[in-house]
Each structure stands twice: as structure tokens, then as C-alpha cells.
Amino acid sequence: MQANERARPLRVGVAGLGRLGRRHAQNLAYRVPGATLAAACSPLAEDLAWARDVLPETRPYRDYAELLADASVDAIWLVTPSALHAQQIVEALRAGKHVFCEKPLSLDVGECERVVAQARRFPGQQVTIGFMRRFDPSYHDAFAKVRAGAIGRPFLVRSQTCDLNDPDGFFVRFAPTSGGIFLDCTVHDIDVARWLLGKPRATRVFAAGAVALHEGLREFGDVDNGVAICEFEGGKLAMFYASRTMAHGNDTSSEVIGTAGALAIGRVPRANRVEIHDAHGVRSECTPTFFERFEEAFLAEAQAFVAAVRACQGGAAGTMDGSAQGATLEDALEATRIGSALRESLRTGQAVTL
Amino acid sequence: MQANERARPLRVGVAGLGRLGRRHAQNLAYRVPGATLAAACSPLAEDLAWARDVLPETRPYRDYAELLADASVDAIWLVTPSALHAQQIVEALRAGKHVFCEKPLSLDVGECERVVAQARRFPGQQVTIGFMRRFDPSYHDAFAKVRAGAIGRPFLVRSQTCDLNDPDGFFVRFAPTSGGIFLDCTVHDIDVARWLLGKPRATRVFAAGAVALHEGLREFGDVDNGVAICEFEGGKLAMFYASRTMAHGNDTSSEVIGTAGALAIGRVPRANRVEIHDAHGVRSECTPTFFERFEEAFLAEAQAFVAAVRACQGGAAGTMDGSAQGATLEDALEATRIGSALRESLRTGQAVTL
Amino acid sequence: MQANERARPLRVGVAGLGRLGRRHAQNLAYRVPGATLAAACSPLAEDLAWARDVLPETRPYRDYAELLADASVDAIWLVTPSALHAQQIVEALRAGKHVFCEKPLSLDVGECERVVAQARRFPGQQVTIGFMRRFDPSYHDAFAKVRAGAIGRPFLVRSQTCDLNDPDGFFVRFAPTSGGIFLDCTVHDIDVARWLLGKPRATRVFAAGAVALHEGLREFGDVDNGVAICEFEGGKLAMFYASRTMAHGNDTSSEVIGTAGALAIGRVPRANRVEIHDAHGVRSECTPTFFERFEEAFLAEAQAFVAAVRACQGGAAGTMDGSAQGATLEDALEATRIGSALRESLRTGQAVTL
Amino acid sequence: MQANERARPLRVGVAGLGRLGRRHAQNLAYRVPGATLAAACSPLAEDLAWARDVLPETRPYRDYAELLADASVDAIWLVTPSALHAQQIVEALRAGKHVFCEKPLSLDVGECERVVAQARRFPGQQVTIGFMRRFDPSYHDAFAKVRAGAIGRPFLVRSQTCDLNDPDGFFVRFAPTSGGIFLDCTVHDIDVARWLLGKPRATRVFAAGAVALHEGLREFGDVDNGVAICEFEGGKLAMFYASRTMAHGNDTSSEVIGTAGALAIGRVPRANRVEIHDAHGVRSECTPTFFERFEEAFLAEAQAFVAAVRACQGGAAGTMDGSAQGATLEDALEATRIGSALRESLRTGQAVTL
């Protein structure tokens, strides 16, 4: 990487300046060696005012087409509403940009397939979907250990995405467009499972769910707690759990079980290294949201994307490590395919064969 | 209990003196206030020799009928092969004895139903099936907390029974009669789930499995790792995992999740309170088998059974606490019913409606 | 042990029926193979009434001399006030009894020495002082690992005895006779340190303390939190902490550090295997008092004492394992010697050379 | 902070480009908003070559005087050998620069006092000594909780600095100039204790030590394991442990005990959130060195220093938060004073009154 630090920086344009978009923008502006945040795009005046204040050297755009037309921008960073992702990726590719896009690629399998097909026409441009868990230092360590054979042959992943309960039920209002708990939350666990198990093809899924607290979800066929089993070819398995109703914090954890051992990642969602001893016993406070839990991962995925693109630009042959680590469009397609099957199973009460 | 210590002790006769039978026999002989081990029965000369040596005041019997004919015996403790349980329970009840029987009641749902029907004819006699987890101090504490409302309304149980891998694969030879991994192992988790969730009725199950190490299981349609989902009425759920191939020890744990919190039981299967700091990191050694893990539970269930029977004998009205805590024949029937449906789902790859 | 189960049981007489005395009495009556509780002695009518109720087969005595005169009693179990221990041990030895005595032997070094000298005249009689931590399964496992070389050469022990704060400050009223925090609490840690380090001789100590909550201790020169360092010959070290003011429970833990690793015992004083997930985070409830923490140890030390005496009676040569594991009078003398030096150091603010 | 991002960045010059110096240089160059690394100084050609390669926009200097003469440099970052710190701080102040200096200020109390006196003449210039633990997120959280009253009145700190054993014993060669284990390692724990206890004045100390593995230390009067007690005014206490011989990693932890609870920081030195389940049990790998453990703290202290200086430049009145959090020259003087007394106590075997 040292040599690259002298090369021309990668000029990134962020599209979307909501809470997560701002996080990405600040990372790219101040914390990613080899990158500059050249431009930022949002249709909202408030977002652009924020950008002018915090990112004074970044060109503001109101319109996505303008951003794409900025020839000085090398790469687009999409943190826009999910429904826009597919179309915006394709447009960015056509404009000659590398693309990083927040998950999900699309809630629709057909649309995912169309993006995959389009992207094949631009082999020299990097496209990565933001399954950030792969860049969390602990997930990354587990992945490396699995690859090194530390647990023999991995055959089962258990993974969960559990959010602190929001008594206001923001996600209930979001339910009509979220795709449901499996496409919104479990999609991360699906990607983790495929990644840790060597990307096997899913063959059958079953899902069930419960509405524990948020009755408003029922009209959308959604649940606030969902459980699922996924069978893969080669006798591999995954179990998933997603919840919107945790009392203690964001509890995202995974476990990969092999023939010679197992690795658990994030089993206790400690906020930090402090243990409190008081009348409640001995306790750890928990990460309140995925922002605190995956702060390092969001930064590391940006660093890896930038490093990978610059390495290719620098003339390095083959696929870069950073690139290999991130989720491809094909990975994102598979995650949507499996998540959609889980939604179908929840609806029908039957196992769904893929 | 103090008053009872002065009452006539309960005279127990153990049938079956294998490894677990001997454990029960020694508990009853030396560690259960209010009980004496009056008799022990086994068809094996070696077992009877052991009994004569270790339990000199206990009458030895070769034949189960002889044991039942011993009028001085108040209660029968069955630790015999599973296939004999149903018939032996009925015979013991007819002989006027209270009965404690190791799990499972029977691998056959119809046979379970017949025992339940028979037992209704002997309302004055206690029958308990040995789901010992209910008597483990930690499971018991969790149950009490759930009942006290500590986690709001419980709606999801995750529970696992995972054994240290036995390279010799003893259980492979046992596979033709074990009923398969769900009826042999998961039956404990099923009982735990029903117990913690307030005994809801199961409505649908799905199961899948993998053969990770023990290929010999395939010919019996069995697996060495199984996963399952069980839906209950009222929107309650359970997820199960059973494994015969753990590298680190017997890892039996459960979790009950409610609307206001969750309780995890036995998450790290620590053998004791020692932490080792060395070149491997910071580590806890694990309980090697269920014997070490549930040593206290086996004793506590015996103490509870004896206390419950003696309390009834002492004229106490109503159902005793100890009795209420143990698994009834109906509980055992339900566990077999659900376990059988899981086996069916594993075989067919389809969800099974109950 | 099996052979011994057939031998004549050891007939034990308990002196002292306070809270801990009653625990010992019930253990000896119902849970120690090879022992019967033949007699129980207390000057208090209330204690004897309790004994008659709970231990109907045990002969009650009001007077210690009567207990000693009971020729059918083989061993005396002293749970009397500390000030009586030394004299009562000597009297019991003279009456031909084996003796188990709760700690401390005496708060006075000279008196300890006199008992040691007297006891040498009765080599065939077992005398054990109740440093029960040695019999806790986790302490015992750590000791075995140290002996097996798991951590190389052990050179440092850190050990603490910390009690849940009692807002009523019972121990303040007890302060005039307790000997102070080091002789009352740290004496256990001193014994643990000597035991784990191979019984080295102490050479120098330093102690300091603070009154955090219980101002009433100042008039007795005592503190409610004490810290100390003890140097042993051969360059071995110990650090001690004692507290009466914990908010979370009884927190008794120890650590032994060697040249190739370290063992921590009881670092989180979990009450059991339940973890609670709620608005406070992820937490374990703690053992409230030493009773819950050392319940198994109190039973195991009784079993070991009885087994050791019976093994000697059975003609076994040499010192028995159970005997070797328990604290001898010499161990108790050393604990009092070091504890007294700590008290002296606290008083003077100077290091004390032994 | 947002407003400051637009202000002129703080131009920093690093002196010293060893392992830790390079870490600081890269943080300042790429990861500290509001700072630019304007210059880097080292007498070693190898260091300057590294700087030219990795920090192409940074001016290299061979001589410290030249660095001070660079008028475009606002602040000096000293990561030079400890023996140079005191003089270099004074020179930098005289040259009109703000100063950040790695610990220790000096191993000599008199020299510390002279720097404190000199610095009083430059009240407009920030001087911070790099006790980075204060900036570790977990230490910082504990500090905030103590300040918020979460544990009542804090009265006891236990703190340790324990390094993974280096079989090559690098620090033995370093022993003649390190000041010994207490001035080299425990000085961090001393600062933590004073910080968490509200900066009380130390009144008496006692120390002892052992040579566990590195016999070569004896000739310098040093040890590879040291323990100490420090009494402060107001009845506050600290216990310290320092070791160079750990088998499991860098184990830096602290505990602060108050009248209503306690906080433990870093009790298990987990490298990350992965737990390994294998034949060794359930384990966490550990942070190998203080670099991995305090990576975030080194960055956060740089960010806080830069933010504090820029806030003052921006005309903000009074002392800034970032400034208040970092260790002052007076804090560093006290740490050296207490560390020196510990060394004296180790030498004499007597308590030392301050």
C-alpha cells in the first residue's frame, strides 16, 4: 500500500447523505488513505448544507446525473434508498465509474440478475456491495481461520441480526418497502453463511416468524422475529435468527461449526472492555445499534475498496485481496434469491426448494 | 422438608445398573434425604456383583418381576433400555409402585399414548420421566425468572444438545434403535422449550441435517448434526440444534427470549471456575459429557421425586412442587410426538404439520 | 472408597450449631458416605431443639465435656466461636478423638504454637483445620494443574476475599473479637497462596487499608477494605485484597501466576450458568455469600476428612490424599502468623519482617 | 469540531521515527482531522528514507534544531528516547511550539520539576504527556462513569501492565536506562490510579518483586515481576502489578472500586470478538502487544490534542475537554515521583513515605 500512497488518489463521489451516507462521506474524506471525497450528491437541501459545512472541499450536487457527469469522479458510493440501487449501479457503470453500493442490490431477484448481466459488460470496473460484516476485524479473523483449516471442514453457520427494540416502531412504517425481516436483516446473515461456507448453492429453505411486539407488521405479512433454516448443496446448513425486539442492544453474532472445531463471533455484544459490578451483578453494556458495532467495518470496507481499485489502476494483475473480500454482484444476487425464498416460506408455511 | 426427615423413608428399587443406573443408585443410597435404596435389579451378574460391593444393604434382583413382587419397595427407578420403558412403567403401576423413568418414555407415539391412558387408572401413584435439565440449578433459575416475569412474555426458545465427538462412533452402532438424533438428543430441548414457553401445543416442524463425520449413519437415515424449527400455537417458536461431533465438549445450552429480555443458560460450557492463561489465549475447559454437566441435576431430580412422593404420603393436599417441576407422562408424550415429526421432516424434506 | 463403604461408619459429634454448624451437621448426617452424625452439642436450647427436629437420630448434648465423654463418638467437628478452638482441639485430642475444626485455629500465634506442640503427642489422630477453599472443585483443579506443571514454576498468587456489603454492619459489632480484616478474611487467601506456591516461608509483609463505609471500625483499628503484599522465601510473592463493602456479591477469587502461564479461579463470581440480557446489558448474577459460593467445598471437605480417617482405620499406611489436601495445624499456625504480621503492618504503616 | 474542520490545519512535526514514532506519524498524516504532518525528524538515514516513501508531503529533518527552526510547524510530537524528553520539551516551548511528548517526562524527579517550572512561562502553549490509556475507549468510559457517580465514591484502584514474555529479553538490554519496571511500566498504572481517584496526593508506597525468568535483570537491581501498594491522602489506595513474563499476551487491565460498585477495564485481554471452540476448550486469543491493545487510544489522543489546540487557536476560552483529558506535566511529575518511590522501596525492602 505504501507505494500507492504516492499515486493519484481515488476521487470518490457519494450519493445519499442520510445517517449512514454521512458516515461513509466522513470516512472517505478523512480516514481512507488514497481517497479524496470529490463530490457529494443529495436531492435534499439540508444534506447539501451539512456537506458544505463538514466537507468544504467536496463539490455538492443535487442531481445524480450531474454527479455521473463529473469527469473528475472515479468512483460512485451509493447510500441511496434501496429501490434505486439497481438502476443507479448500471448508470454509474455506463458512466465509466467504479461502484460501491450499500446492501441490498435489489429486493427483486430478476432485477438483481439484470444488473449482474449488465455489469459483465464492464469488466474493468469494480462493483462491490456493502456487506460490511466481512470487513469487521472479528468476522475477518474468523474467515481467515476457517480458510487456514482451524476448524476442519466448515458445515454449519448460525447467524443472527437482532436489533434493539424501537418502541416507536420506525421499521413498521418502513415495512411496505423493506422487503420484510428476511430481506432486510437476514440478508447479512445469508451473505455471512455463504462466505464462511465457501459459497455453496442453496437448495432448500424454511422460515417461520412471530410478532412479539409490533402488531402493525401483520398487515404487511411481516414479523418482528424470524427464524429460518437453509440447506446448501454438499450437506451444508445454516440457521438464521432476526429480531427487531431485543431489550439489550444490537446483538449481531455468528458461529461457524466445522469438523474439528467452531468459531463464535460476537457472542456477547459488549460495547467495550468495561465490566460493571453492582447490584445487578457483573455486566457488560451492549452496542446499541449496528453503527457502533460495525464502525470499524464501515471504515475498513472503504479502505479495502479504495486499495483494490488503486491496485488495479497501478497495473497489478489479477483480482486484489480487498476486492476478493468484498461481496460481488453475484453474492448479492444469491443473498436476495435466498432471502426471497425465506419470505415465500414464511408466507406459505412450506419449505421452498431453490 | 424437615418434618419429613422423621417420616419413614421412601424405599426405592432401581432397575438397570449401567453407567447412569449406577449413578442413580448411589445417589438414592447416599445422597437423597428421605430415601433408602432397598433393591437393585439387573439381568447381568456383573452389575449385581457391583451392587453387592458398593450397596451392601440393597437387595439384589435378577428379574424385574421379582423386584415388583418385593412388597417393601415403594417406588421403582427405571434406568433400563428405552425399548422396555413403556411396558415396565405399566407393570410397576399395576404392582402399586410409584415410578421414576429415564427418558424417553417411548420412541413410538402410540405406545406413549397407551401408557398415558393406563396411568390415568392409578391417580395416587407418581410417575415422572427423567428430563433432568429441569432440575439443573441454572435451568431452574431461568424457569423461575420467566415465571416471575423477568423477560416479559417468552416467545422463542433456542436450545441445543451437542456432544463431544466420539471418534469410535459408539452411537453409530446404537443408531438402529436410538430413534435418530432428534428423538435421542433433541427430545431434551423439546421438553425444555415446552416447559419454558408454558407448554404450548406444537403446530408445525421442519428439520434438516448433515453427516459431518460419521458416514455410517447414512444407512439408517440418521445424521450427526441436525437443525430444526418448531412452531407452537400462539405464535411461539423454537429452534433446535443437535450434534454428535463437537470438538470442545458437551455443549448443552438453551436460551429463552421474551418481549422484555432474554435468558441464556450454559452459553459457555465451562467445566468449572478456572480460567487458563497460556499460549492458547484465555480459555475455559469444558464439561466432557452430560454426566459432568448434569451431575447436580440427576441428584436434584431424585431429591425432588422423593420429596414429592413423601409429601403426598404425609397427607399434603394437591400437587407437590417437586412433582410439578418434573416431566409428566403427557410431557413425555408431547416430546416424542414432536421428535417423531422432526424425524419425518428430516426424511421427507418437507414441513410436517401436527 | 468402595471397600470403606462396608466398614463401620465414622461416628461424628458436632460442637456448635450456628448457621455454619447446622450446614456441617446436615452434610455429615445425610451427605457424607461413611459417616453418621452421632451427636450434636450446643449450650443453646434453641439449637438443640433444631437438632432434635432435623437430626432425630443424633444425640444432643448441652456441654462439650459430655460430648467428649461419649465413647461412641470417633471424631469431633468444631464449629464453635473462634476463641474456643485451641482449647477444644486439645481436649478432644486428649479424649482420643479425631478433630475437624473450622478456621481459624487461633488469632494468637503463641496459642497456635501450643496446640501444634500438644498435637504432636497424638500422632494417630487426625486434626484438620477447615480452609474449605482447598476443597472447592475449581481451586482443587487449579492446584492439580499447578502440581502437574501446567503453568511452569508458580511464583505469584493474587487472592481476594470480598463480601457483599452488609448495611447493618454486623461485622462492626464483631470487630472487637474478629482479629481484624486480615485475620478474619485474608487468612483464607494466605492459606491459598501458601498451598498453591508449595508452602514457602513468609519473610516480609506490608499492609494498608481504608474505611470506605463502616466508620465504626476505626475505634478498633480495623478497616473495611485491606490490601497487602507478602514476600516468601525463594522470591515468591502474594498480593491480597479483602473487602466488606462489595455491591455485587461475595467475590472470592484467586490467581496463580507461573513462568509458563497463569490460572484464575472464580474471576466472575457467577451465581450459576444463567446470563440475563436486558436493559442493563448482559449480566450474570453473583453468589451472595460464601455459603452459596462454597457449598460444594464444605461438603467435599467433610467427605475427604471422613475418607482419610477411615482409610487410616482400615490399616492403610502413610498419609492419605484427603488428609494431605486439608490444612494441617502447621498450615493454620502459618496463616495466623502471617495474618498477625499484616495487622501489625496496618497499625504501624511499616513493612514487617518475619 | 465541524467548524474547525474549515480552519487552518495544525501543522505537526514528529521527532523520532522508531516503531511507535512511525505509528504516530501515520496517524497524524492520514487519520487526524484538522492536522497535517508537516515535518519529520530523525538522526537515522533509514528513518528518513521511510518517511520519504510513506509520507511524501512531509519535510524530513536530520536535526531537532532544524525542526524547531521550521516556522511553519505549530506543534512538536516527541517520540524520542526518554532521556531526551525533558530538554526537548523545554526547547520546543522556547521555539514557540505546542508539545506532545510520549511518556515518561523524565525518570528523574528533579528534572521533571524543572520542566514544570519552565513550562509555566509559556501558558499559551499546550503540553501533553502521552499517557494514552486515558484515551482508550474503555478507560474513557470508565472514567466518565466514575465522574457520573456510577460507583459512588471511588477509593481503590487495582491496575496492571503485563507484557507477553520476550524470550530474547530485549528489555534486559534496555534495563540500564529504563528506570526499572516501576518507572517503565507501572508509571501508566500510577497515572490511571490518580486519574480515576481524582488526583489525590500519594503518601506512602511499598513494593516488592521477583525475577521469574530474566536473571540478567538482577545486576541492575531490576525485576521482571513487580507488585506494589500506594496509599493516597484521604484513605485512597492503589495496588499495582507489572510483569514482563506473561504467556498469553499483553494483559493490561485496571479496576476501580467505589462505595457503590466497581468497574473492571480489560479483564480478559481479548484480541477481538472471536471465541474459539476446540480441543483446548473455549478460548479467546489475546492482544499480543500494547500496540494492538491501544491502537485506538494512540489515534484518539492525537485527535484530542489537535482538537484542543485548534479550539484554543479558534479563540475558545478556558481549558478544552481534550486538554483536560490528557496528562499534564504535573501529572507526569507525580507519576515519576511515585514510580521513583516504588523503585526505592523495592531496593530497601521498606515502605517509603512521600
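By written order: A, B, C and D. Residues from 1 in each chain.
Rule of thumb we're sticking to: contacts are C-beta pairs under 8 Å (C-beta built on N, C-alpha and C of every residue); 3 or more make two chains touch, one makes a residue touch a chain.
Remember, predicted model here, so these are calculated numbers, not experimental data.
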Tell me which of A-C and B-C has more C-beta pairs in contact.
B-C
Measuring between Cα centroids, what's the chain most distant from chain A?
C
Could you give the separation in Å between the centres of chain C and chain D, each centre being the mean of its C-alpha atoms?
43
CA centre of chain B versus CA centre of chain C: separation in Å?
37
Between chain C and chain A, distance of the C-alpha-averaged centres to the nearest whole Å:
56
By the touch rule stated above, which residues of chain B touch at least two different other chains?
151, 246-248, 260-262, 267, 270-271, 275-279
Under the stated contact criterion, what part of chain C meets chain B in this complex?
2, 5-6, 30-31, 33, 53-54, 56, 136-138, 141-142, 145, 150-151, 260-267, 270-279
Within the complex, chain B is touched by chain A residues 151, 153, 155-156, 158, 204, 206, 208-213, 225, 227-229, 231, 235-237, 239, 241, 243, 245-248, 257, 259-262, 267, 349-351
With touch defined as at the start, can you tell me which chain B residues reach chain D in the complex?
246-249, 251, 268-271, 275-286
